[in-house]
Amino acid sequence: MTRIDGRAANELRNVTIERGWSDQAEGSALISFGRTKVLCTASFTNGVPRWLNGKGKGWVTAEYSMLPRSTNDRMDRESVKGKIGGRTHEISRLIGRSLRAVIDTKALGENTIVIDCDVLQADGGTRTAAITGAYVALADAIEWGRSKGFIGKNAKPIIDSVAAVSVGIIDGEPLLDLAYTEDVRAETDMNVVVTGRGLFVEVQGTAEGAPFDRRELDALLDLALGGAVDLTALQVATLAP
Amino acid sequence: MTRIDGRAANELRNVTIERGWSDQAEGSALISFGRTKVLCTASFTNGVPRWLNGKGKGWVTAEYSMLPRSTNDRMDRESVKGKIGGRTHEISRLIGRSLRAVIDTKALGENTIVIDCDVLQADGGTRTAAITGAYVALADAIEWGRSKGFIGKNAKPIIDSVAAVSVGIIDGEPLLDLAYTEDVRAETDMNVVVTGRGLFVEVQGTAEGAPFDRRELDALLDLALGGAVDLTALQVATLAP
Amino acid sequence: MTRIDGRAANELRNVTIERGWSDQAEGSALISFGRTKVLCTASFTNGVPRWLNGKGKGWVTAEYSMLPRSTNDRMDRESVKGKIGGRTHEISRLIGRSLRAVIDTKALGENTIVIDCDVLQADGGTRTAAITGAYVALADAIEWGRSKGFIGKNAKPIIDSVAAVSVGIIDGEPLLDLAYTEDVRAETDMNVVVTGRGLFVEVQGTAEGAPFDRRELDALLDLALGGAVDLTALQVATLAP
Amino acid sequence: MTRIDGRAANELRNVTIERGWSDQAEGSALISFGRTKVLCTASFTNGVPRWLNGKGKGWVTAEYSMLPRSTNDRMDRESVKGKIGGRTHEISRLIGRSLRAVIDTKALGENTIVIDCDVLQADGGTRTAAITGAYVALADAIEWGRSKGFIGKNAKPIIDSVAAVSVGIIDGEPLLDLAYTEDVRAETDMNVVVTGRGLFVEVQGTAEGAPFDRRELDALLDLALGGAVDLTALQVATLAP
Amino acid sequence: MTRIDGRAANELRNVTIERGWSDQAEGSALISFGRTKVLCTASFTNGVPRWLNGKGKGWVTAEYSMLPRSTNDRMDRESVKGKIGGRTHEISRLIGRSLRAVIDTKALGENTIVIDCDVLQADGGTRTAAITGAYVALADAIEWGRSKGFIGKNAKPIIDSVAAVSVGIIDGEPLLDLAYTEDVRAETDMNVVVTGRGLFVEVQGTAEGAPFDRRELDALLDLALGGAVDLTALQVATLAP
Amino acid sequence: MTRIDGRAANELRNVTIERGWSDQAEGSALISFGRTKVLCTASFTNGVPRWLNGKGKGWVTAEYSMLPRSTNDRMDRESVKGKIGGRTHEISRLIGRSLRAVIDTKALGENTIVIDCDVLQADGGTRTAAITGAYVALADAIEWGRSKGFIGKNAKPIIDSVAAVSVGIIDGEPLLDLAYTEDVRAETDMNVVVTGRGLFVEVQGTAEGAPFDRRELDALLDLALGGAVDLTALQVATLAP
C-alpha cells in the first residue's frame, strides 16, 4: 500500500519542535507532526492544590483543547457550549497521567506545573503530538523552577522522558503515525505512550472497524516502539543546551 | 502472593447475572462481580437520532454513572455539580464503543438502543462489569425489537458477544479481576474488552506506578483472554432460553 | 370501583424493606411498594457544614433521584442535562424536611447524615416510599454513629419515627397508595407525611383535575393516617434487633 | 397574643392590586400584601409549545423570581449562580398549577400565556401574593386575546377565580397571612390555594417546628378559607369594568 | 424632523427619581426616563471580597438585569437559560466602572456596596437610566454606612456625581435621549457617562448603520454634555435633604 | 516621556500579518502587534442561521478567546469554568460589530462567516489586533466563497476595510498602541475602530483613573486616526495579490 504522502509504513511524518515558543510561559514548545500543530505551555507555580498540602509532593496536570477552526469543519467552542466534551476530558487526563509517569513528585517538591496543550491545527495524532511536546515544555519549566530555587539543585524530578505516537491498521496493514485521512479509514487505532527507556506508560487500542487479534496487536506495538525511539531522539536533541 | 479473598491469580470473583431485573426496560441485567453490582438497562426506541436519519442504520449508545454512596466515601452527584466528570465520560464512551463493535447497525435497522449502566455498589471493576452485563441487556432488547417487528425476522444485528475484565500487576505479579483494595495497589492496571470469538475490542493499559515492559503486557493479555472465556460462557448460559 | 390489582380502597400495596442492603453505607434500606423500588442510603460524617460550625447541632439532608430507565419511558439524566429539574428539587427538599422533623439535631451532635434516595424502579409513590425507607436507613446510621462514639450513649437524636403515603381521589372515590396507572387518573393527589405518633409533618394536596372540597380532604387524611399506622408497624418490625 | 402590626388573628394585611401596571404586557398587576410587593405580568402568545401542537388546547405556565435585594439581606442572582434553586422551582410550579386549575385549556384554544411573578420587595407570603395577583394579570391577558380574535367571543377559558393565602401557628395560635417576622417563628406553615367558589386547589402544610395534629390543621384551613373570601372580593372589584 | 413624542432634538424625556423606594435596601431609587423604569438598590456590607482584604480599600460593583416582560416581546430569563448573555455582562460592567470613577475607595474604607439595577419596563436608554439612578442609591447607601459608623464622619468617598445619557443620529440628525423606537432607527448610537463637573467617564459610540465622521461625533458629544447637566441637577435636587 | 520600548508617542509597535497561516480555514491571518499574537481564522459556510432564512442576506459573527497561558499568569479556561466571562463576551461582540460595519450583507448572499480570534500571546491591544487581523481573514474567506460560486462574480460584499488601535493617556500624555505595561498605568484607555476611508465604527473610551476632558478626547482620536492609516496600509499590502 502506498501512503498518501509517500511515507513508508514505519515512517513518522516530519516532526519539528520549536522550544521556548512563548515569551510568557516557564516552559513551552510548538510541536508539529506534519500539518498537526500543538502549542504546549508549562506554567510553574510554587505551592500545591489544597488536597496535597503538607505532603512534601508536587503536582503535574494537563489540559487539552482544540481551537474551533483547527479542524476541517469548524467546531463549536466548549466554552460557548458551557461544558467540556468527553473526548477532551479523556485526552487531558491521558496527557496528565503520561507526564506524571516520568515525574518523581517528591523530588519536584511542593510545586505545581500545569501543562496546556492547545491544538492550533489538527491533522491526526493531536494527543500523541501533545504528549511529546508537553514533555519538552515540562522539562524547561522544571529547570526554570530550579533556577529560581523552588527545586533543589540536585533534585531529579524527571525520572525518564516520555513520548507518544499513534499506530493503526488500514486494509490489514499496520502503519505508524496516522494522518487524519488515514485515521478515519483505520480498522484499529492505537495510541502508545512510551518512556525514553522503552517502557510502556499507556497502551490504548480500539477496534474502530473489526476487532483485532493478538498478532495484529503485536505488530502495532512493534511499530510504536520504533517510532518512539525517533521521537525520544528528537526530544533529546531539542533539549540539548 | 495470597489475594485478600483467597482467589488464585487467574481466578474471577463470583460473577452472577440477574437477567430481566427491570419490569420497565426492554432488556436488563443486574450483574455482580463480587461486591460490585451494576444495573444495566437497555431502552429500545424505534427511530434514530437526527444525524442518522435515512441512512438505514441503527444506533447503540451507553451512559455510565455511580450512585453517590456506591463507594466507600460518598461522592457528590454529577447532577448536583451540574457537570459530568472526565472519568464518567470516558467510561460511557468505552461501553458504547465496546457494544457497537459487536453490532451490525445495518441489520439493526433504524432503531436506537440506549444502555444505562448504574453502579449500585462499587468494589473495583465497575466498567468491565458494566460492559459484560450491558451485552446481556442489549441482546434482550434486540429480541424485544424483533418480537415487535422493528427488526426483521432473519436480521442478525449481533455479530458476536462481548465481555470485559480488568487485570493488573501487584508486587510484580499479574492478577485477574482486581477488587478495589487490589486496584489501588496496582502498578499497572489494564481493562480488556474481548469478543466471544476471542478478538480484542479495546485494550487500555495504564502504568499507575512504574511503566511496564512487553513481557508484563503479554502476561496481562493472557490473563484477560482467559477471564473473558469464563465471562462469555456465563453470558451464553444466562441468555439460554 | 375495583382497583387494577384488586386492592381495597384503604389497602397498601405489598411493602417490603430490605434493611442493610448496602455494604458501603452506614445505614441503608431497599424499600418496595409493589413494583416501586427505592434504594435509600444514609452516609454519616463526623462534623457539620461550615454554616453550622460551633453551634453544637447536627444536620440531616436528602437527595432524591430517578435512574433514567426506572420509568416506562427513558428519561434523560439530570447530570447530562447539566441541571436538576424542579420536581427533583421539590422531592429532595420534602424528604429532608420530613426526616429533620423527627430528629433532635442537638442530640445528634455535630454530625452530618446525608440520605440518598435513588429510585431503581418507579410505579407511583416514589417520594413516599423514599421517606419511609429513608427513616430506616437514618435510624441505622445513627446507631452506627453511636457505636463509633460520635453520638453519646444516652443521646436520643430520634424523637419519633416518620413514614409517608400517597392518597388520591379517582372517579370520586378516595384511595390509598396510588400505583402509577391510578396516579395519572387521579383528580386529586395528596402526599401525607406522618410521625409514628400520628402527627402530621407534611400535607401536600393538589387538585390535578377538579378542585376538592373540605369533605374530600377529610376523607383523604383519614385514609393516609390509616396507611401510616401500617407503615410505622413495618418500620418497627424491620428495625427490631 | 398581639400581632406585631396589631392585626387580629384572622385579619389580612392591607392588600392592594394595581391592575395594568405594565405598558408592555397583555395583562399585569402589581400586588401588595403589606410590604410584600410582587409584579405579575401575563404574556400572551398565539400558538403553543411543540408538545401541545394540534391538540386544540392552550397552555398556561408561570415563573417566579425574587430581585436580589427584595429581601433584608441581598441574595445572589440565580442567573449569576447559573442555576435555579429548589425553592424557586417549587414556587414557579405551584403558581402554574394553581392557575391551570381554573382554566379550561380547550376554551383557551391554541394560545400560550406565560405569567411572570417578580418579587420587588419581600415580607412574607410572596408565593400567595403572586398567585393572587397572577390571576388578575391572567384574566386581562385572556380578554386581550379575545379582543384580538385569538379566543372566541363566547369561549369561557376561565372556569373560576383563584387566590392564595398563608396561615400558620405561632405559640399555639393559628394566624392568617403571616408577615416575615411571624413566618420565621411559626411552628407550622401552610399555603392554601382556593377558588372563588371556595374549593381547594392546593393545600401545603409543613411542620417547621413541631408536627401538628388534626385539630390544628382544621383551624388553619378555616382561617385560610376566610381570608380567601376577602381576596376573591378584591379580585372581583379590581377586575370590574 | 419631528420626534415621535414631540420633543426637541436636545430635550430629555420626562425624568423622575423616586428616592428610597425600597424598605429593605440601604439606598434605592426608582428612576424613569419616560416609559423606561429601572429599580436601583444599593446593598451595603461591612467588609470586602477576599482579594481586597487588608488593603484599606472598599469596593463598588453592579449588576444589571431586565425582567422578562420589561420589553415588548417576552425574553427568556437568564436564570432559566443558565447563563448571562453578553449584553447583560457588558452593561453590568459599564455601570460598575462608571460608579467607581466617582468613588474614592480608600475613603470608603473596607466596605462593599453592590448596586442592583433591575429594569422593570424598557423603552430605550435602560443602561443610562440605570447609571443615573444608581448614583442616587449609592449616595444614600454611603450615608447609611456613615450613620452606622462604618465610614468615618469626615471621610469623603464621593468625589463627584455621575450621570449618563444616550445620544444618536437619525436621518442625519443628532438627537438626545433616544426612546426605543428611535434607537432601532439610529445610524449611530452613543452612550456617554459624565461627572457632575462635566468630565467624561465613558464614551461608547457605535455605528449601527453607516460609520460616522468627526463632525458627527462632536455634535453627539455636545448634546450629551447638555443632557448630563440636566440630569446632574435632578440628582442634586433629589438628594437634597 | 520615554516609552519602555523607545517608541514615539504616535508610533505603532512592529505589526506583522502572516496571511493564510491556516491550512484548514477559508481565510486566516496570524497578526502580531509587538509580542501580542492573535490567530484569526474565517470559516465560510453556505447558508445562514435560521433567524435569517430567506431574507437574502448573509451573516458575519466573531468569537474571541485567550489561551490560558497567553498571559503572564495562567488564567483558568472558560470551558473549564463552564461559562464565558463578561470581558470575552464584550470583545467578541465588538469584533463582530466592527466587521459587519464594512460588509454589505445583501451582497454577501445567504452565506455565513464565523471569525475566530484566538490570542496565542497577550501583551496589550489584543482586541484591536484581533479586529485588524480578522479583516484580512474575512477578505480571504469572501474571495474563497466567490471562487466556489457562493458569491456572485460582481458582488461587492466588502464596502470598506476596517482596522483598530488602542490609545491612552499616561502621566497626562496621549500615546498610541499601548503595550500591557503601559495599559495598566493608563488613566484613560480608548479603543478606536476606523474604516479604510477614515470613518469611525466604534469609539470606546474609559476613564480607568481620572475622568477626561474634551481636549484629551480630541488628542486621543487624532492619534488613533493616524495609527489607523498605517494599519490600513499594511492590510492593503498584505492582501495585494
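Here are a few things to note about the model shown:
For reference, chains read A, B, C, D, E and F in written order, and residue numbers begin at 1 within each chain.
The rule we apply is simple: a residue touches a chain if its C-beta (ideal position, glycine included) is under 8 Å from a C-beta of that chain, and two chains touch if they have at least 3 such contacts.
Keep in mind that this is a model prediction, so the values were computed, not measured.
Listed here as common contacts of subunit A and subunit C: B. Counted as hops between touching chains, the shortest connection from subunit A to subunit D is 3. Touch-path distance (fewest steps) from subunit D to subunit F is 2.
Chain geometry summary: the mean Cα position of subunit A and that of subunit E are 50 Å apart. Chain centres here are Cα means. That of subunit A falls 33 Å from that of subunit F. One simple way to say how far apart two chains are is to compare their mean CA positions; for subunit C and subunit D this gives 28 Å. Residue positions of subunit E touching 2 or more other chains: 82-84. The touching residues of subunit F, counted against subunit E in their complex, run 83-87, 89-90, 92-93, 97, 101, 160, 190, 195, 197-207, 210-214, 217, 221.
Those residues of subunit C that touch subunit B in the shared complex are 22-25, 28, 35, 39, 41, 43, 45, 63, 65, 67-72, 74, 77-84, 88, 114, 116, 118, 120-123.
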